[in-house]
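So that we are looking at the same thing, I have put the structure below in structure tokens.
Every chain is named by a letter (A, B, C and D) in the order it is written, and numbering of its residues begins at 1.
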Amino acid sequence: MLKISIVGGSGYGGGELLRLLLGHPEVEVCQVTSRSHLGEYVYQVHPNLRKRTQLTFCDPAQLEPVDLLYLALPHGEAQQKIEEYAALAPRIIDLSADFRLKDAAAYAQWYSHAHAAPAWLGKFVYGLPELHRVEMKDARYISGVGCNATAANLALLPLVQAGLIEKDAPVLIEIKVGSSESGAAGNAGSLHAERANVIRTFSPFGHRHTAEVLQESKLSRVSLTMTSVDLVRGALATAHAQVREGVALKDLWKAYRAAAAQNPFMRVVKESRGIYRVPEPKILAGSNYADIGFDLDESSGHVVSMCAIDNLMKGAAGSAVQCMNLMLGWEETCGLEFSGLHPC
Amino acid sequence: MLKISIVGGSGYGGGELLRLLLGHPEVEVCQVTSRSHLGEYVYQVHPNLRKRTQLTFCDPAQLEPVDLLYLALPHGEAQQKIEEYAALAPRIIDLSADFRLKDAAAYAQWYSHAHAAPAWLGKFVYGLPELHRVEMKDARYISGVGCNATAANLALLPLVQAGLIEKDAPVLIEIKVGSSESGAAGNAGSLHAERANVIRTFSPFGHRHTAEVLQESKLSRVSLTMTSVDLVRGALATAHAQVREGVALKDLWKAYRAAAAQNPFMRVVKESRGIYRVPEPKILAGSNYADIGFDLDESSGHVVSMCAIDNLMKGAAGSAVQCMNLMLGWEETCGLEFSGLHPC
Amino acid sequence: MLKISIVGGSGYGGGELLRLLLGHPEVEVCQVTSRSHLGEYVYQVHPNLRKRTQLTFCDPAQLEPVDLLYLALPHGEAQQKIEEYAALAPRIIDLSADFRLKDAAAYAQWYSHAHAAPAWLGKFVYGLPELHRVEMKDARYISGVGCNATAANLALLPLVQAGLIEKDAPVLIEIKVGSSESGAAGNAGSLHAERANVIRTFSPFGHRHTAEVLQESKLSRVSLTMTSVDLVRGALATAHAQVREGVALKDLWKAYRAAAAQNPFMRVVKESRGIYRVPEPKILAGSNYADIGFDLDESSGHVVSMCAIDNLMKGAAGSAVQCMNLMLGWEETCGLEFSGLHPC
Amino acid sequence: MLKISIVGGSGYGGGELLRLLLGHPEVEVCQVTSRSHLGEYVYQVHPNLRKRTQLTFCDPAQLEPVDLLYLALPHGEAQQKIEEYAALAPRIIDLSADFRLKDAAAYAQWYSHAHAAPAWLGKFVYGLPELHRVEMKDARYISGVGCNATAANLALLPLVQAGLIEKDAPVLIEIKVGSSESGAAGNAGSLHAERANVIRTFSPFGHRHTAEVLQESKLSRVSLTMTSVDLVRGALATAHAQVREGVALKDLWKAYRAAAAQNPFMRVVKESRGIYRVPEPKILAGSNYADIGFDLDESSGHVVSMCAIDNLMKGAAGSAVQCMNLMLGWEETCGLEFSGLHPC
């Protein structure tokens, strides 16, 4: 059994990670830290884990060496102490935004402050298995992924990998997201009476996750528009792009089917009947699937590509566990078997 | 008191119309028809109207002459009997899609069947007061508006009227909508257990309301993408366009403020703090406001324009009452005073 | 025009009060205070009031004398400065819990601290018009009502006034409530991601509003059970009591119809078909109605009485305006005409 | 591998059963029937199962012999053909209401028609493992459970088994439920625009599941009150009873802890801090847990006992799989490991 600890376990990402690791047959969770919930039972904060673990939250200062350390801290904290964490474990998977960007200048631009450990940026593999599966096999350090960036990157993946879209044309990605994206701390607008029933375009462009999409898609004219809707878990990216001259619907089918065939957590959803004809995040709650779909306006070349995920799973903890599986040579889907629910 | 009847009063649009007319100081509601709820009290179907009216639904065949007839029938029915209705009243306001398009060929293209009364198309003024206020003063026949078309048209209005955007560049409009858009009949996907929590892009392009946006905006490359979200009333249009060379944020401010000054139901929402910084449909439920907002990415010229409405009000019954007020020379806002709620 | 100011206008009760008063034909709103939003436009906090008022929040220390002062402060504050407020206006209507109970000992028991101005308790009329309409005509000081107490008191009113239930038998009242009851400040559990989808029985018995039900119903064995559900506005009280020997369904009909006939904001909802057969809070959002319904298990004498309200209207601001209308001899329904929406 | 088929797999109970069985290590799903979705892929109806199974719905007439047959038909159908089904498999687990009641007269009273196969009523074990674990080991036929009955029975279980409550006093059980209880067919009130935001007491007393509570609790004065709230999955039963003279809080603790110790899917939730202090159904979606909690008003002896479940899991398919595990001597929790989510 691989010994694992989680730094920052009281947030939503950390809690989801813990749920997955407690059910993973190859690992043993040793310690989970939380300063704000120190000494409390983990199940008092994550009530779904009652009767699953008797762990209590411990102080980060009490961390003992393990085989793999997960960092699930607020953005900006991991980079401050990365040397300390690296001394505790030979392998680190970080869920925060701290080690996602390769370029310290890009980091400074998008996050408005200089990176505290720029030398470490190059040591981390970007944590999206669908793009970096091979590198992960030899990796010791893997970053997390932005949930919105993941929905966007996976919506673009079949189009980019098959070279179907105009690289110079603008790509607009409208992302609709649930409230768990604001985290367990939330903000003034997170109060239920204010957040319920919203359709709130809180960021028309310039969202930080754009940086990850630019980096990973290799496209240069990508814009993300973020809209909150009434849902707890889930994100849907709807990407609008221009196909290259001559690209037809059958080319898209081929590209999407290939993507789904190569990636165990990708599924193509494009049905002509029934209720669930397009990717929809609600049925993915708790699952690691990324459902992708598309349509092409052949008269204009306007392609619409969609990707639905659970932002806490494929967009955070699920991908992180998938990365661990790859890093350690285990079955890629191990511990990630939950299919999601219907209805829900 | 102007005598009024409503043909088709058991649907959502008809019910909302009835609520407004019962509170309107200048009119008297004489008859309300419904075949499916014949003989029932109106308040049994629209429970908010209990203690407000003792009207029962009558048979359309029993309609008596009035001063103004509202038609709130399923799409396709009004055109079949428009001559009969015109014989009953000198003025008609129709909420359906039957008389919105000026061009019979366009109607046939978007609605997949020939129009049954093409000669009537030219007699109707398109029912959006913000675009046709002057013509309404002399009109006898006014059409309804598509709710999504209205959100889109009003998002575009300040940009188009001030000539700020590239007319040749594509305009993408992402519209997120609540479940009342499916009407009181609904469809398989309208069942609560299936419709709750959705982010469902049911139409990536090609929605019928596109025809109204093309006609009214005079733009030629407009595409609508429709996504259902978990809300009953409300629609938000997020329009993506390209500003003309040299257009700056201050030009946008000027255009939006001018639009709000000229139109009593338009409000500019663009705040730098607080929870409600952008237009949001939920606070508009029951009100006739169209809240508009915008932002400009000056580095790329990408402008994002938003318009939030209550689809049953500004997107249907509210605009229809506003049209009546203009047609009869009454105060434009008469009977439309409800401000919406906070919180909700 | 009666000059009015509101002390504490940034909370939900204060905002709703302001909405109503801005639409009331007999009053002029002079000042609205808020310490936390000092200097902000009222519409930045209550976005539904944009284009309705240019008022900004002022400091309570700047209050000027008016004809009537509304107090909408957090519980416990009004009693601290009641003398000061009374010096500013000959009439006061308080929305808080400070002056609802007649008995200082009961106050101390239920609120866990001694009342700061016990001599004032007797000067206030309890603010539920359905129970104290006559006294309000001569009143200068009127208290607010607990929203849950109001749902409970109105569910019991027909049964108690007609003497239909066993006064010695226990009366259980299960109340289901929306999130706006937690106020604009909220608590940890109010975060959308935690509060959404809940069925959370946060108080099995002993809720403070029980004191108001005991006082106003004159019953001695009343228990309230409070459950949060996923809704913003609205409360439903389901009261379980035992009818007296021989009481039949027709006696209940008579009592409920009489209550509705005597009270302009009461409606009996008991239909045998349709979707809305029982009282339901959602269609009351923004309205001042209290919808009541009932059923009797004749085999056991178990009567179930229901009352649905909008907690911010009939349960707070709406009743407060109704009280003002009675106090000043105006039409009881003045400014409270909004009927609520369907669908919503 | 045990060969299994499901009769009636397109409904919500059948779909959930299929999800569980596809992940169960000891069984193989051979056939799934559906007349309304004949020939469609199972994943077109239950989109969470995409990439999990290539099964299509077959005609019931094509069923082949298996080791165990699950019946998930609309109520009333299984009893018509029970002989035919019994000829196909030595073991049957039925999810419907057809074989839950032991007494044909009680069945006729609560279901308003004579039972079609009364001789079979005695052959079925009532499908709640927490009450009939021992009998299940030798059973060939096991009935389903009513979801509301299950929430009620498990709320009562610790009180009844420890003999803590007055058996002659009335027991009121208020149950709040999500929309999936109405099934995939739904009814007029199930339309999202009508069902969203509801607090709808659709049955004040007399619900059919009362019969199962009377039968299994052995109490004689039990009444169920049913209220729909805005949630898809989940039910919370809040039971109000009277403790016997002298019963104290510590006795309740002992009884509840004992119940949780004896039953792997029972958990006691009674915390003094945190957000999740009481049983709450939302965190149980997809899990088989029944969370129980309680409180005692020592001044009156009024005990409030709560039980939260996922109505499709512990209240239907989950209990059915648990029954199968017991029937076949497997680990009771096998295939039921999903813990539920937080947040959700």
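In this section, contacts are C-beta pairs under 8 Å (C-beta built on N, C-alpha and C of every residue); 3 or more make two chains touch, one makes a residue touch a chain.
The model shown is predicted, which means the values in this text are computed figures rather than measured ones.
Q: Hey, what chains does chain B share as contacts with chain D?
A: Output, common partners of chain B and chain D: A, C.
Q: Over half shared or under half: which fits the residue numbers at the contact of copies chain A and chain B, same or different?
A: The interface is built from the same residue numbers on each side, given that over half of them are used by both copies.
Q: As a test of understanding: of all chains, whose mean C-alpha position lies farthest from that of chain C?
A: A
Q: Distance-wise, how many Å sit between the C-alpha centres of chain B and chain C, to the nearest whole number?
A: 35
Q: Would you mind pulling out the distance in Å between where the CA atoms of chain C average out and where those of chain D do?
A: So the centre of chain C lies 38 Å away from the centre of chain D.
Q: Can you list every residue of chain B that touches 2 or more other chains, as numbers and ranges?
A: 12, 180, 184, 193, 196-197, 230, 232, 280, 343-344 - these are the residues of chain B that touch more than one other chain.
Q: Of all residues in chain A, which touch chain D in the complex?
A: Residues 12, 15-16, 19, 22-23, 40, 44-52, 180, 184, 232-233, 260, 267, 269, 271, 273-276, 280, 283-287, 289, 291, 337-344 of chain A touch chain D in their complex.
Q: Mind pulling up the chain B residues that touch chain D in the complex?
A: 12, 178-180, 182, 184, 186, 190-193, 195-197, 230, 232
Q: What residues on chain B touch chain A, complex-wise?
A: Residue positions touching the partner: 170, 172, 174, 176, 188-189, 193-194, 196-202, 204-206, 221, 223, 225, 227, 229-231, 234-236, 238, 240, 275, 277-278, 280-282, 295, 297, 300, 302, 304, 306, 308, 343-344.
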